[in-house]
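One chain, chain A, links the two complexes that follow: it is found with chain B in the first and with chain C in the second.
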Partner chain A sequence: MCGGRHGSPVPDLTSKLRVLMNSTLFVLASLDGLSYAALVFLVSVGLSLIFGVLRVVNVAHGSLYAFGAYLAATLSLLVTPISPWLTYPALLVASLVIGIVAGGLIERLLLSRVYGREEVLQLLITFAVFMIMDNLQRMIWGVQPIYAAEPLKLLPNVSIFGVSYTSYQVIVLPVVAVLALFGLRYFLRRTLMGSVILAVTEDREAATAIGINAQRVYLITFIIGATLAALGGALASPTTSLVPGMGTEMIVLSFAVAATAGLGQIEGTAITALAIGMARAFVIYLQPEFEVLVPYLIMVAVLLVRPEGLFGATKLRKI
Partner chain B sequence: MKRTGKTLKLLAGVSLLLGVLGAPATAQDKPKELKIGITTFLSGPAAVFGEPGKAAAEMIAADINKKGGIGGVPVALSFVDEGAGGEALVSNYRRLVQDEKVDATFASISSGSCNQLVPLAEDLKMLNFMWDCGAASILEAKKYRYSFRSQANATPEMLAVLIYLLKTKPNFKTIAVVNQDYAWGRESWEIFSTALKQMKPDVQVVAELFPKFGAPDYSTEVSRLMALRPDVVFTTSWGGDLDTLVRQAGQRGLLQQSTFVLAIGESSVQRLGKDLPEGLIIGARGDHWFMHPEKKSDAAFKAFNEAFKAKTGRWPIYPVYHMAQAFAALQGAYDKAIKANGGKWPTREQVVDAAPNLEFVGFGRPVKLRAEDNQGLEAQLVGVSKKADGFDHMVLDNMMIFDAAKITAPAGQKSVEWLKTLKPDFAKMDVPVFQHGK
Partner chain C sequence: MAGRSPALAWTLAAVVVAAGVIPILIPSMATLVVLILAKGIVVLGIIILLQAGQVSFGHAMFFAAGAYTAGFWGKYLGVGDLVAYLVVGTVVATILGLLVGLFVVRYREIFFGMLNLAFSMVLWSLLEKMFHLTNGADGMRVPRPTVFGMVFSPENFQYVLLYLTLAIAIAATFAVQRFLESPTGNMLRAIKSNETRLEYLGVSARRILLIGYVVSAALGGIGGVLVAVAQQIATPEFAYWTKSGEFVFIAILGGVGNAMGAFAGSAVFELVRFYASAQLANSWQLILGVVLIAIILFAPDGLIGLWKRQRAARDES
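For the complex of A and B:
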């Protein structure tokens, strides 16, 4: 086991905890947790936003994440010979293209027909979209892992307590996540369109009665949510290998984060993503065999005590 | 003359009649085609192995048919996707055997799939070659009649990598593992660490990390390893997981800090391109490398490699060679059975009887199917990554090819128990060394 010479006793958890808390490893684990939480937040908040407004649990969210990643990698590889710095706009363009085109098509062609119907029907439709997109992804990009790390390579590494981190990981990702959080808050609470979305979320019939086009609000909201998922994928693409099934991994984690926070809670999603990211990082230092379980243990513990989630409130504003 | 002409016509007619009457009898014995059912991953992350395996199967089958088939019978292939999951796989396997009436199967890549299908093949009395799965326990737990493994298992694969490490880096004191959290990741580490404990008991294991299968991020693992500074980092990860681990470790300098051992890294060398630095120890799950030092002047080997690259855009990787071995084993078993049957087409039972002790050659050293447990004895090639002119990826250098018989657990003995009997001197075995291009 970790830390043990063959045949020697395994240090107990308390001593491991003491070592961690009294050392620079605390800072290292926090940085790792932060960058992980940033990506998870971007994807989870899109899922949460869509549920908060449309009341649809979008299983296809993971596919939008994967498509965002694949398209970003494809565009990055295309523009790198021209100028490596063009890869950054490529990430954004990929997110917007997937969010607007794929998100718009899914909402208009499928979801718009089942609003107000049984939740299980909505779930099945988004699951079908997920399966179709998963196969499409394989047909378009194949099964071999794809990697496009140019955006990451452009930035220098930073050394923290003698351990090298990429700037992309500890600066770019957290900054984008924070911008997304405050941008969403500002959009929803300080702009006319945001107020319209909140009005439809609170009471669709009343909002429609005063002339608000609820269908358009749903479309715009879904596109924003889809774009956030694709942005998460696009930002992940320089750091990881793109492989079949990557969307599945992310949608499961995103559900855990969104459910723990309470579906529809933007700030709650940010705090929960951070908590889960940090918990995962610390567990890898302390008891790595529990790494996979951590997000779900937290989710189960929270939902047992607060079924509506940490920040959920059934009668209050949803977003 | 007229009489002679009539006689000739009569003889011709009788011959024709006998021919027509004889035809069905021959057709009953010798089928129109030899049907082979192949399970492979066509979806999911393991498709990185399954798709090249399928491409290889199609190429090899076409080549066999071009040469007249097996015993004069052309082969026909049916594929089943292992990625569809347990129940679907079992149903599809039954369909292959009972509805499509295949004559033999190659199952499978995943050890989980083999665990499910090998007992089923036994029930269905179906000749089966386990063409890529590596868990030693399958054939160690029970003796099967109908299933044979046409390659090595995880024990010699891990042992070869460990001996290479001990021979080339004898002074390392600390080691960490980063393996995928599923059966292969756990079992391969158990084999490696058990043998390590026997052969170099003073080594300290400073971290055992088992990130989730398909994990997109290894930042925390990399940070922890950078802080722990182990002399060696061992991994049996593969596919996108291995690529991500290597790249994230490389971007942050971990590959330069510790000696990395990629126990089945041969399959990632081309994909990783220049992101793979020099000096990493790389295993190949067999003696598989498209520039195999003992095969470089073998025309068939070179032609196959070129044809595969032309078809897929990449040089063959180990599952491709494993597929070739499964075909070689099938062909060898049929040829032997036909010979034993006096040149007549054999029954399935006769083919099964011919497989034990069969020796065949794929695209590496000869492989032998051990009669006692149907385990294939396959040599192991391990090397170190090195830059080479003319390649946009690393090549293998300082290659050692390990004799299968020396590093495979004896028949009737469980691998882990056998590993516990090894002594430090075991690593001092003589192994031929080959340099790239020489």
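For the complex of A and C:
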């Protein structure tokens, strides 16, 4: 995604900081952070939405991201000979297929059987799905890196404050993320289905009593969340090489973002994804070896001060 | 809390004899049995926390702390003694458990799991990125240690390690069973059923959970030392979240109602992995995933619960 590009070798942190502040590196790091944050947001908000409604942390979320990426790459490579422009619908088709088929199957066949059971069993059943999907992914797509950068290459580079960057990463990705954010807001707060989902989240029993089909709400929510994860993967596929561990890395990162924001918080997830994406991008230029540490340190720091997350609501203790 | 019935005691004896004798007949099994027992010891710690209804998705950090104690010792102090590894590894894991525990016991359920996950991922990235100290992703080699000052050949060493591990596993099982039946163990279960009422008794739930947490961290450290010595290597993967998930998996697979479940689960897990990766070309994860789903859906009390149910059915007829 980003990384790879490093500042000129300078001895200590302060001089590195000076270089960073005074140069185009600052712009570069910000753009890296922005494009990365857009992808992380899509995956994290799906995880957060599923938790908010189903109260299940979906450990297989990273696998849905990886499947989205791999299927998108496969479809892209398939349609490129016909017309490279077909790769864009291919990305969308891939995320819908994974979201609806894989997401639907996981919820219907497995999760729906463990609602109301112990939390650890719900967590572990998604862990089992993760193991299965991780294995299937290696069987289907192998372990060699896959490249499918066609959608990235089709769009021209743009110049922002003197820095040339691919418009796919700095325009397309953030625009999709913003659309997803406002789409979700609109869906949840302005449509009937959204209100029904919120009603089930608020009080499942009361919602069921007035004739709402909670089962259906769970299925739809899970499919939306899974599609967002797969969309994140599909959109990420042109920007990076696809390797076996990509899902396992993304899941912990999206955990970190969702938990830092407060589980179930949509706008909070967007702000947190941006903050963590930016922090990570700047650390890559300053101290590349600590890149992976950043999200977890932020998460630990935030949760120690605010256990319910930055934007989460405090829960009352029940006797 | 079962574990007192004569049938289970006999089975326990049979399992111990099997673990001690089979590797003599089939030498290639020795390391596998050590891995089963060592991971079972770690899973005992997971079971303690599950009594309180808390799932740690980061317990691999204590496992890695034990393993890297042996690794650091080998790199910076030269070949050491297995007993010293075990003592220092347990101390390191216990101290880490106390430090992390002081923070995480303030949280419950998903936040408890998440914070544990975050701490373990911090350790994982440090182990992987501090290349000059830890050899990064390559991991640290753990040379074959002496035992009580005695040097053993590789063939003999695997048996020494096996019987030492078996002895530790038996001791740990009884200690954990006793701990769970003690007042502290009962209060730990009260955290799961109703924490507020527990506090009305004048008991600090956080303190109780901290005790359980530190004990489980120490068990993780012991298991980490043993696995690192058996495999002669400690890698950052030991601290990765999938490792933590594996331990919780084994706990559920075996059944969390009983300390014996840890070893039943661990045996099935390692045997499936061993034979499936040998016979079915890298589909062990797939098979284990399916096994886990089957256990959750059809036998939520794990293998031990399944076994008990069958005995009960047979006794009735």
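Note that in this section the second predicted complex is superposed on the first by the 286 of 319 C-alpha atoms of A that agree within 3 Å, B and C clash if a C-alpha of one lies under 4 Å from a C-alpha of the other, contacts with A are read in each partner's own complex, and residues count from 1 in each chain.
We adopt the following convention: contacts are C-beta pairs under 8 Å (C-beta built on N, C-alpha and C of every residue); 3 or more make two chains touch, one makes a residue touch a chain.
Being a predicted model, the structure only gives us computed values, none of them experimental.
In the superposition on chain A, A:Gly33 makes contact with chain B only, while chain C stays out of contact range. By the touch criterion defined above, A:Arg113 lies against chain C but remains apart from chain B after alignment on the C-alpha atoms of chain A.
In the superposition on chain A, contact of A:Met139 is made with chain C only, not with chain B.
Of the two partner chains placed by the overlay, only chain C lies in contact with A:Leu124; chain B stays clear of it.
When the two complexes are overlaid on their common chain A, residue A:Ala236 makes contact with chain B while staying clear of chain C.
By the touch criterion defined above, A:Tyr88 reaches neither chain B nor chain C. In the superposition on chain A, contact is made by A:Val292 with both chain B and chain C.
Residues 138, 289, 292 of chain A lie in contact with chain B in one complex and with chain C in the other. Those residues of chain C lying in contact with chain A across their complex are 50, 53, 55, 57, 103, 106-107, 109-111, 113-115, 117-119, 121-122, 125-126, 128-131, 194, 196-197, 240-242, 245, 248-249, 252, 282-286, 288-290, 292-293, 296-297, 300. Those residues of chain A that touch chain B in the complex are listed here as 1-7, 24-25, 28-29, 31-33, 35-36, 39, 138, 142-145, 147, 149, 152-153, 157, 161-166, 169, 236, 239-246, 249-250, 280-281, 284-285, 288-289, 291-292. Looking at the complex, you find that chain B touches chain A at residues 43-45, 47-48, 50-51, 181, 197, 201, 203-212, 214-217, 219-221, 223-224, 226-227, 239-241, 243-244, 247-248, 251-253, 271, 275. Across the interface of their complex, chain C is touched by residues 51, 57, 59, 110, 113-114, 117-121, 123-125, 127-132, 134-136, 138-139, 248, 252, 255-256, 259, 263, 289-290, 292-293, 296-297, 299-300, 303-304, 307-308, 317-319 of chain A.
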